[in-house]
Every structure is written in C-alpha cells, then in structure tokens.
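The two complexes that follow have chain A in common; it is paired with chain B in the first and with chain C in the second.
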Partner chain A sequence: MHKMKLSEIVDSLSLSVVTGGIDRDFEGVYAGDFLSRAMSRVEADDLWITIMNNVNVIAVASLTDAAAILLAENVSLMPDALAAAREKDVTVLSSGLSVYELCVALGRYGTVS
Partner chain B sequence: MAENIVFHFDVDGEDFSSAGGASVTVKKKLRQLGIAPEYIRRVSIAMYEGEINMVIHANGGSADVIVSDDEIKIVLTDTGPGIPDVSLAMQEGYSTARDSIRSLGFGAGMGLPNMKKYTDTMEIDTELGRGTTITMTVKIA
Partner chain C sequence: MEEFSLYVLDIVMNSVRAGADNIDVTLDDRGGMLTFKVTDDGCGMTKDQLERLTDPFFTTRKTRGVGLGVPFLKMLAEQTGGDVTVSSVAVSDSPEHHGTTLVATFHPDHIDFIPMGDIKDTFVTLIQGNPDVNFTFVHLMDGGEVRLSCAELRSVLGDGIPLSSAEVLAWIRDYLAEAYQEIK
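Our next item is the complex of A and B:
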C-alpha cells in the first residue's frame, strides 16, 4: 500500500482520536490481539487494530514503532494505559466498528495493495 | 566504541503495569547510541518477550544488556521454577500461562520462539526449582 496520513482515515472512517497526533503517515495494517503475535508482526509505521485496552498494548505499540493503535468496538483504554500512551507519545484512535468492519473499510479505502 | 556499554534492570514479578519498561528504556538507549533500527527492533522484541516471561512465570528477575562493537548481548536471569521441557516450550503456540494472564493478551505461546527468531544466538540454562538464565545475542554490523 502507499503511505497515507492517519488524519485521512480519521476523517473518512469517522474515527475518534483518543490521544496523540494524527499527522503521521502509516504504511500497513495489522489486526490482532495476542501481544506476542503483534510484537513480531506489527511493522514500524503500521496501524494496529485491536480490542485489547490494557497498558501492555501501549508498550508493544511503542516498541514496534506502530503509527497508531486503532481500538475497535468502542473499546476504551484503561486509565493507566491512557496515561502511558500520553507519556510515550503513542497515538490511539477508536471506532464503533468491529475489527472485521474496520479491515473491510480500510481495504475499500485503498490500504490493501 | 572502545568499551562495552552495560545496562542493568531489575524486573518486578507480577507487575504488569510496568512490564516491558526495561525493553522500552533499552530501545531508547540504543537509539541514542545510533544503532540501526533493524537491530533495535530485534533486540526490543527479544527483550520484551523475555521480560514478560520473567513477569509471568518467574516472579521477576534481572536483565542485562551489553553493547559491544559487533554485537548486543541480552542476559535474562531469574530464580523462578525453571522450564521443565525446553523443546516443548520452544514450540510456537505452547503456553502454560494462566487464563488471567491470557486475558491481558499474553500467553500466545510465541515468547521463546520470538526470542529465538529475532536473535542470532540464544542459550537457555534452566534448572527446575532453581531458575533460568537466557543469553541472546544480536550481531551488529
């Protein structure tokens, strides 16, 4: 896929910005909830779609240099996770759509090459 | 660099709120040292998995990272229960993590396999009832 600004999908998919900036480009998408899987599969500058909302998600996003975490199904971050995201400057977005619906929407939008 | 640079961390057991903290710090330090991103990524993944394993299974331990001219060495030491069957533990998908741990997103059974996959060498020294020491290296150009 080509590079795309987070702000572009925030607008087009009506995502909420939980914390962080949306001026950054993302280059790929990974969807999944097991942290070890995400740890090895999320590439730098990826958008990571998950329903996990604890503080460890922030550590994984930070270590993998993910462009942003996208929380599906209106999941909200635990308070300590939100604090960690702010401290580590990790962008977190959220949506009422399911992981599947988000993947389909992103695919339609042209993020699948 | 002429001398090795050593970072030492104590890893708290059962403290999931700060789990991964040592890995995040190491990542920052390696970046400051100008290590190439591909090596930092591999060290980060391997160390994070090791750190989480110590938190889940061994009530914590210690982590040392030694940066020399040609490699980054990670030594993880705990005084936990030891690994009864290393070859089984090395299989992708095999996990003994409790359900409460799994609900946090851990327990995919990818910890040790990831550590092996992302490092150039990995040695496991384990003794039941005594603890485990894992030594990993990532060669740097």
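Our next item is the complex of A and C:
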C-alpha cells in the first residue's frame, strides 16, 4: 500500500484518538492479538489493530515502531498502558468496529493495493 | 511464544544471565492447577529493580537481554486466572545469600491457556547451552513425577565429561522420554 496519514483514516473511519499525534504516515496494517507474534510481525510504520489493552501492547508498539495502535471493539486502555503510551509517545486510536470490520473498512478505503 | 515450554525456557534464561550456579525448576501440574517455580542463586535484584520487573519498558530498555519475558509470563498467568510473584535478594544487599524466586500459577484448563509444548526439549536445551549450571528439574504430575539433577549427573560422570557432550545429552533425552512415558 502507499503511505497514508493517520488523520485520513481517523476522519474517514470515524476513529477516536485516545492519545498521541495523528500526523504520522502509516505504510502497512497488521491485525492480531498474540503479542509475542506481533512483536515479530508488526513492521515499522504499521497500523496495528488489536483488542489487547495492557501495557505490553504499548511496549510492543514502541519496540516495533508501529505508526499507531488501533483498538477494536471499543476496548479501553488500562490506566498504566495509557500512561505508558503518553510517556513513550505511542499513538492509540479506537473504534467500536471489530478487528474484521476495521480490516474490511481499511481495505475498502484503499489500504490494500 | 505459542507454547508454555518456551516461556519456561525464557524465564529460566533470566536466572542463567543472573549468573546463577544453582537453578531449581519445578512444574507442579497436579490437581488442575499449574505452578511454575524457579529458584536461583544468581545476583538477585534490588527492591527498586523488583518493583519495575513487570514494567515492560524497564525490562526492554534498561536491562539488556531480559526482554518482555516476565511481563508476558504475567500476562499469560493473569489471562488464565493465575498470577506471578517474584522475591529476590540482591548480591549488593547480601553477598552470602542472594538470588531470586519466581512463582507463576496458571489454570491450564482455562480457554486462554496455550499448549504445554515439549518440556523435555526445554530441559535439554537449557543443559546443552549451560552445562556448568546445576539445574534441578522437577515435574510433578497426577500420575507421578519426573526428576533430573545436573549435580547428580555430574557426580556420576566425573568432572572430565561435560553435560553438553553429545552422548550425555542423548542419554538425558532418552531418560526424560522414558520417565514421561512411564507416567502416561
């Protein structure tokens, strides 16, 4: 896929911004909840869709340099995870859609090339 | 890490990296609960380090090579209704008696628990990579128990033969396979 600004999908998919800036570009999407696997599969500048909400998610996003975490199903971050996201400057977005619905919506929007 | 045996490997390697000479690993798999306990005589942790042990940013950023091991283990334990507790005495606080004990509990029949994996393989890998460490492995199961003591092995073999030699490792592999076979 080509580069796309986070702000673009925040607008078009009506995502909430939990924390962090949305000016950054993302260049790929990974969806999955198994953190040790995500650690090896999320690439730098990916948008990572997950329902996991603990502090380890922030650590994995930070290590992989994901562009943002997108929490599905209106999952809210645990307080320590939110604090870590703010401290480490990790962008966290959220949506009421499921992981599947988000992937479909992103695909329709043109993130699948 | 999709198998529990890989968590065991990862956590026990923390004890190795802490410079432990003696590492006791117990898996108590009886009565529908799983308790994983590691006791070592490594360099231990200060109170401050211990407090930050489950903080992934502490473990990934400030100490080398520890990784997300303990945070992931804690997450797995909590997902299955269990917990992880760690106690430690730092070598700086007690030069004579130092080390760390980690106890993790799981409900292995919880829907979010992962497959056990090959524990035998984990034990062999640990011995192969760290032949000078005195590992004691104990796996307690409802049908019986499996025990392996590196100190005992060494006293039988003498000092000349490293535990990492091919013949010894093959023997350990067979011994563990047989021991597990008998319980099944």
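Keep in mind that, in the parts below, the second predicted complex is superposed on the first by the 113 of 113 C-alpha atoms of A that agree within 3 Å, B and C clash if a C-alpha of one lies under 4 Å from a C-alpha of the other, contacts with A are read in each partner's own complex, and residues count from 1 in each chain.
Convention: a contact is a pair of C-beta atoms (placed from the backbone, for glycine too) under 8 Å apart; a residue touches a chain by one contact, two chains touch by 3 or more.
This is a predicted model, so every value here is computed, not measured.
When both complexes are overlaid on chain A, chain B and chain C end up clashing with each other.
When the two complexes are overlaid on their common chain A, residue A:Ser40 makes contact with chain B while staying clear of chain C. Judged by the number of chain A residues each one touches, B leads among chain B and chain C. In the superposition on chain A, A:Lys88 contacts both chain B and chain C. When the shared chain is aligned, chain B and chain C each come close enough to touch A:Ser62. Once chain A of one complex is fitted onto chain A of the other, the partner contacts of A:Asn54 extend to both chain B and chain C. With the contact threshold set out at the top, residues 34-37, 39, 54-56, 59-60, 62-63, 88 of chain A are in contact with chain B in one structure and with chain C in the other.
The touching residues of chain C, when paired with chain A in their complex, are 1-2, 55-57, 60, 68, 71-72, 75. Taken in their complex, chain A has these residues touching chain C: 34-37, 39, 54-56, 58-60, 62-63, 84, 87-88. Interface of chain A with chain B (complex): residues 33-37, 39-40, 44, 52, 54-57, 59-60, 62-65, 80, 88. Across the complex, chain B meets chain A through its residues 16-17, 19-21, 23-24, 27, 37, 41, 44-45, 48-49, 52, 104-111, 114, 117-118.
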